[in-house]
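Labels A, B, C and D are assigned to the chains in the order they are written; within every chain, residues are numbered from 1.
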Amino acid sequence: MRSSGLFGGLFVPEAVGEATSDRAWVQAMLDFEAALAFAEAEVGVIPSEAVAAIESACSADRFDPDSLGVEARAAGNPVVPLVKALTEAAGEDAGRFVHWGATSQDVMDSAAMLVSLRARALIDTDLGRVADACARLADAHRETPIAGRTLLQQALPTTFGLKAAGWLDGVLDARERLAAVEMRAQLGGAAGTLASIGDDPLRVVSLVAERLGLAEPALPWHAQRGPVAELGAALALAAGALEKVALDVALLSQVEVGEVAEPSGGGRGGSSTLPHKRNPVGSALARACARQVRGAASVLLEAMAGEHERAAGAWHSEWAPLTDALALTGGAASAMAEVLEGLEVRPERMAANLSATGGLLMAESVTMAMAADTGRLEAHHLVAEASKRAADAGRPLRDELMDDDAVRERLSPEEIDSALDPAAYLGAAPELVERAIQRHREQEGRQ
Amino acid sequence: MRSSGLFGGLFVPEAVGEATSDRAWVQAMLDFEAALAFAEAEVGVIPSEAVAAIESACSADRFDPDSLGVEARAAGNPVVPLVKALTEAAGEDAGRFVHWGATSQDVMDSAAMLVSLRARALIDTDLGRVADACARLADAHRETPIAGRTLLQQALPTTFGLKAAGWLDGVLDARERLAAVEMRAQLGGAAGTLASIGDDPLRVVSLVAERLGLAEPALPWHAQRGPVAELGAALALAAGALEKVALDVALLSQVEVGEVAEPSGGGRGGSSTLPHKRNPVGSALARACARQVRGAASVLLEAMAGEHERAAGAWHSEWAPLTDALALTGGAASAMAEVLEGLEVRPERMAANLSATGGLLMAESVTMAMAADTGRLEAHHLVAEASKRAADAGRPLRDELMDDDAVRERLSPEEIDSALDPAAYLGAAPELVERAIQRHREQEGRQ
Amino acid sequence: MRSSGLFGGLFVPEAVGEATSDRAWVQAMLDFEAALAFAEAEVGVIPSEAVAAIESACSADRFDPDSLGVEARAAGNPVVPLVKALTEAAGEDAGRFVHWGATSQDVMDSAAMLVSLRARALIDTDLGRVADACARLADAHRETPIAGRTLLQQALPTTFGLKAAGWLDGVLDARERLAAVEMRAQLGGAAGTLASIGDDPLRVVSLVAERLGLAEPALPWHAQRGPVAELGAALALAAGALEKVALDVALLSQVEVGEVAEPSGGGRGGSSTLPHKRNPVGSALARACARQVRGAASVLLEAMAGEHERAAGAWHSEWAPLTDALALTGGAASAMAEVLEGLEVRPERMAANLSATGGLLMAESVTMAMAADTGRLEAHHLVAEASKRAADAGRPLRDELMDDDAVRERLSPEEIDSALDPAAYLGAAPELVERAIQRHREQEGRQ
Amino acid sequence: MRSSGLFGGLFVPEAVGEATSDRAWVQAMLDFEAALAFAEAEVGVIPSEAVAAIESACSADRFDPDSLGVEARAAGNPVVPLVKALTEAAGEDAGRFVHWGATSQDVMDSAAMLVSLRARALIDTDLGRVADACARLADAHRETPIAGRTLLQQALPTTFGLKAAGWLDGVLDARERLAAVEMRAQLGGAAGTLASIGDDPLRVVSLVAERLGLAEPALPWHAQRGPVAELGAALALAAGALEKVALDVALLSQVEVGEVAEPSGGGRGGSSTLPHKRNPVGSALARACARQVRGAASVLLEAMAGEHERAAGAWHSEWAPLTDALALTGGAASAMAEVLEGLEVRPERMAANLSATGGLLMAESVTMAMAADTGRLEAHHLVAEASKRAADAGRPLRDELMDDDAVRERLSPEEIDSALDPAAYLGAAPELVERAIQRHREQEGRQ
């Protein structure tokens, strides 16, 4: 996925697109080279005079990603041509000390982590927007009854607030997992022993990591790809949490359900030929993003098993999927933030749908109203029979219950009506909403 | 995966890159619009005067993929802005008849198939290069002994020619499967009924398909994604067949094995810091490509289950992975073609490695030489004991066998020596090589 | 997935479960050993006296899969303990000739193909039931109007028959692909050279294949895993075609849509606590099966790249996922056969839902009615405006159209009414239905 | 993957097999029902007299998983028949209160977490064995030189201890991630509102969680599948870390490398026909397990997007893959524990292989020895030239260096010899080993 173009522009918002662009990769690679020069000069591995020239050459604008890509083919990675070009750009004196003692993978891995660190911040901002929007919806609709649906069938009433609180809970989990991924600097030299980086190479590693804002690794991880695979998994988990929301929004937006609608300004969701349509286009894009993130994450998980000190292919397979996973998780988050921030909520349609089953939806409520005295099994039996008669006859359940002597022995008409009121059978929905909102507040507070 | 850039340029050869570029997609979309106008005019749905203007506007150079991508965000696909722009480009009179009766998915799906058709031809050319190179290696080394290795242990001798014939067989299977994928035109209108395409819409479908060189579909397949998923699977199978070759080449290239080496001209396979290295970089790139193709194919397989007449997300998830799968299968094929065409083969190292086990590799041969008379179990037992003694003592198996009375009762010294000669225990290797070469010739002849 | 047990019994029908059971695997392994003995005796590699004893020992009832599994751990595959046990079972004389010249992978691969061949026949039977049921639904509802839905929004009318015809088309594709997978016998000996199988080993291969009803391979394919990976892909494609149907059935079954319902006899689809529910349980199970088939297929695709003449792990990774892919594709096919054979279709709900948008669904029809004279763009504009007014005011589109002078200039009231009739805007739906049914008939005829 | 049988017995060790068996699932489901009864009695939702009878009926031995599986087909999950059977088993009085207010998914999800909790402990024990063995190898071989290999080519010397320390580091990461997965109890009732569980349902949730040793969820997570998907990802990450070790062991075990060998007692690693073979069978099994875990994890990640309050298929798709992922991660951990605990290490082969390139492996060392004075580029150039001459002539690099005036101007013979000594160019390998061992100690201390 590119940061722009026919599909990049469609799926990936501009900021994340830029943060995962070729240019961003090149800059991150250069940031590593600059940090390495700085650190090596600090420790006396290279002369301090070289640092300024190297640092000033480390600007992505000086290098052309398209050329680097083509030149990379001979060596199998873009570091070799970039170091060559940077060595020239740094001038004769400083150029000798460019990339001192480092190996290509030190550059690529550190750059991958830098790109990830920067993109994650943008993704998290959009996840925060999604969480805020969910929290607002949860708060506003704590007690707005809606049909709870299991296996796509109406089961029992719940509240739209609890539904949104569930989305929120999933997104909060996702943010925690993503934030927990450690972005590690990489520096080990060609075989991971740091043999080529002076007398105190561990200090150089430490300084490089600090300079880049990355975690200092216990060991070089050229051949232990957990950090990348874990990031892929965390992105897939975040995308999955968003995909869940997108799926629910798309389902609630169906003409026949009509309980929510995506925002529609600016031609959004329109069809080229069907003027009346209001497609859940943000949800569709988010779902498409999430699926692609999963595909990318599967490549990253497979890349964990690489040969010896550097893999012949598994490592190379990470770069594009990692970029895609970041860009498209960003795409999913941004799409759902837009959807939820402008979501049109229709409590009246929720209420109307709640009565679509003629009260059958309240069967458990009636059962429970009887069960304490009668026992669950018998209550269940009585209600099941009445429900069946109601369904067969197309009558409201209320009528069947009122006409049923065995029921009437146990419940008064008032008790029946109360048991049939969705708003009276919401259980702990409001408290659960509050928990989710509280959890969101705490997570925000920690950041 | 873009057709160019830091990773696109690295993994994807120029021709396939161009064939799967944004520009190629836009041109394919325009080709559909032109074919549609032509067909509809033929059948009288739109005036024939409109065709020339539409056709002449249908040139990708007129449209900017980056802008289309951004504008696509509102509608969720790039067809809406493209049709808008094309309508303008075609002029007032003809513009009214652009995209007549079609739906966005008609355009995207037909374009996807066109892009695939064109890219497949390029991929097949490189698969053909791979097959040719395998056939040449198989032919030249029909009887060149090499250790057959199972579970990465030397098992028995085989020939390098048979190894190459196995690669060839896998690639021939892959070409057949890929060639068998039917590329279907798409035309159904907004709900797949063709209601908006005049009185003889099936004729329009037929003409559009013919004009585009695509297969005529029995039914619109907006919601039956088998054609796309099957293509993804066929690409993954082709990439997998190439990955197998790449893995073997990388393993045979190990310093300690040294039986082949990738071509090394022009700095290829060099390391930035290790001048002596000759990395199997083509194989590494091919393996990296294949893994990404698999990731992309998994998205396409998942996309089969889409909602009703057009999916809300599953469909959108296909475009980039299909593009990647084509581009990267092309990348793997091209990389392995280069590798195999220039492969350095070292029969002397093969021979040296065959003696690495001190003859233990020939244990089965000795067993078989005795087994007809002695029975497999007893022969096996005698050879196993001798092998164990040889391994423990670090002596050649020959010495142990010659010193073993039970063996000598059954085999003469000459028979022992013959049984220990790898070149005398190659079974049907040459005939099997011939079969593979023959199969390749027949496949070529059919094309 | 076992053939029985808590989840096996839930997802896998009995016949496919049995055909993919441990017992079925053991029998298939024994069938190979018997066929090998037969073929080798024919060619004179082993004495013909041994054949009867070996054949009669080759009955799965004699061997305990649980013990074989545990004993298999030392060698890494179940062939080693099975051959040991079979050698004993065949008696001293014949035992010596058991498994003559074969390698473990010859047995496992041939058995895998045999198990697959047998399971495929059962799967295809259930796919045939699905196809028949789709064809009946398509036939019965060629002209039954239903809302065509794109991105989960009502777009245009189509017919339920065309919907079922689309399902059918997908299933027919799937059957063709699955039937096209060649099930190849495997025989190559330890390194694939056939060195251990007498003087005419290719004849032995041919006889073994014929005896087993498997295809004769051009070459041993121990290390070319295309045949297995292709089978995995074909199963995933079949499962995906079924999953599409299952998704549509589940969506159409929603309380708010109510256009179909799964059969409900015998407590099917009931809930433990909600007596009124009628869950689309067959569709849910089919969807669950399909997802698992995809996961299994991804393992098989990854297994293509194995080392040298036999992979150290990739090969071993195939057995359980292949078994699962077969069993669960069978599960999906069986579940959907039951669903479709008993599907309750509700044309009256389809009709009611078609009017849910107050005629907006017919916007394209009205546009088209005007477009020939007016041009698509202007017609589109007029209808879009009327649609917008209708949606905003909650009025039927008909009223807006009738009140709109610009519309009335172009269409008479009769033309407006005709353009608003879903049954009059079904395009080629009936012809397309006929095509699918015809294709089904032809496929059946070929079998 | 079953806990026993042809493939279960092969891949899954007995303890993890038992912990993930059908019986273990049934017991976990019953444990939930018992905990629910206890908790509901505590809070007064059901009479306390019912608890003992329910608890005593909650023994897996009373129920037959095979029958439950078949009966589960009607309802789509095994809870419905189990609750029915349990209700009977608990007797008339207590039976009325079985499963009070709970929904099937409460039972399945809580049981899934219980099974996971129990299996994770076993997996972690085997991961601990792997870590211990890695730590011992790292400690014993801190300074044992071995060729560092990148892209499967010898690059530079490292130590076998550092190699093992890298494995250890990967396993420690994996253990941390797996331990961090929160196992959440599930209780929400049919729509997740807890409406059916008395007046203080949140207290019931809390008590159930405590009783089961699971985490108390903030909200019911019927439709937020992060907890399951995250577990799947953590298992795939653990399996991936093991797969990396297995791959290295298999590669180091190659006949031509011979630097380690798997333990071989008891027929382990033997071949049916090749008596000399010592297959890396434990590594092969571990690799096969890891691939299957990834396939299973991909299903769990896909299952995150489920419809509304309970998914129609996505949920059902979790059970078998979760079971497989646990069992097979256990299989991989157990296999590698056996491999590493008995690993035969051959420093003499490591030393011999280090000289295979005639000193070319030390090129960087020589470069670095010159580079401080000469500059990296010129030093690199001199060494590259000498290396090329050495490679072309088949001479040792030492001879070329000694004969090269430009080199001799900069380095004395002693300096050249020192620069060519692998043991003198190990960089920070020993310190890095110490870090990994220290990290392992700390992790153990925390447990």
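We take it that contacts are C-beta pairs under 8 Å (C-beta built on N, C-alpha and C of every residue); 3 or more make two chains touch, one makes a residue touch a chain.
Every value quoted in this text rests on a predicted model; they were computed, and no experiment measured them.
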Statement: The larger set of C-beta contacts, choosing between A-B and A-D, lies at A-D
Statement: Matching interface for C-D, options B-C, B-D or A-B, criterion over half of contact pairs identical, gives A-B
Field: Cα-centroid distance, chain A relative to chain B, in whole angstrom
entry: 32
Query: Distance-wise, how many Å sit between the C-alpha centres of chain A and chain D, to the nearest whole number?
result: 24
- line: Residues in chain C with touches to at least two other chains are numbered 76, 101, 103, 149-152, 155-156, 189-190, 196, 246, 250-251, 271, 273-274, 279-281, 284, 287, 294, 298, 302, 311-312, 364
Query: Which bits of chain A are touching chain D when the two form their complex?
result: 76, 87, 95-97, 100-101, 103, 105, 148-152, 155-159, 162-163, 165-167, 169-170, 173-174, 177, 180, 189-197, 201-202, 218-227, 229-230, 233-234, 236-237, 240-241, 243-244, 246-248, 251, 287, 290, 294, 297-298, 301-302, 304-312, 364-365, 368, 375-378, 425-429, 431-432, 435-436, 439
- request: Provide the residue numbers of chain A that touch chain C in the complex, in ascending order.
  value: 147, 149-156, 250-251, 253-257, 271, 273-281, 284, 298, 302, 353, 356-357, 360-361, 363-364, 367, 380, 383-384, 387-388, 391, 397
Field: Residue ranges of chain B touching chain A (in the complex, touch as defined)
entry: 1-2, 4-11, 22, 25-26, 65-70, 72-80, 83, 99, 102-104, 189-190, 196, 246, 250, 266-274, 279-281, 283-289, 291-292, 294-296, 298-299, 302-303, 311-317, 319-321, 323-324
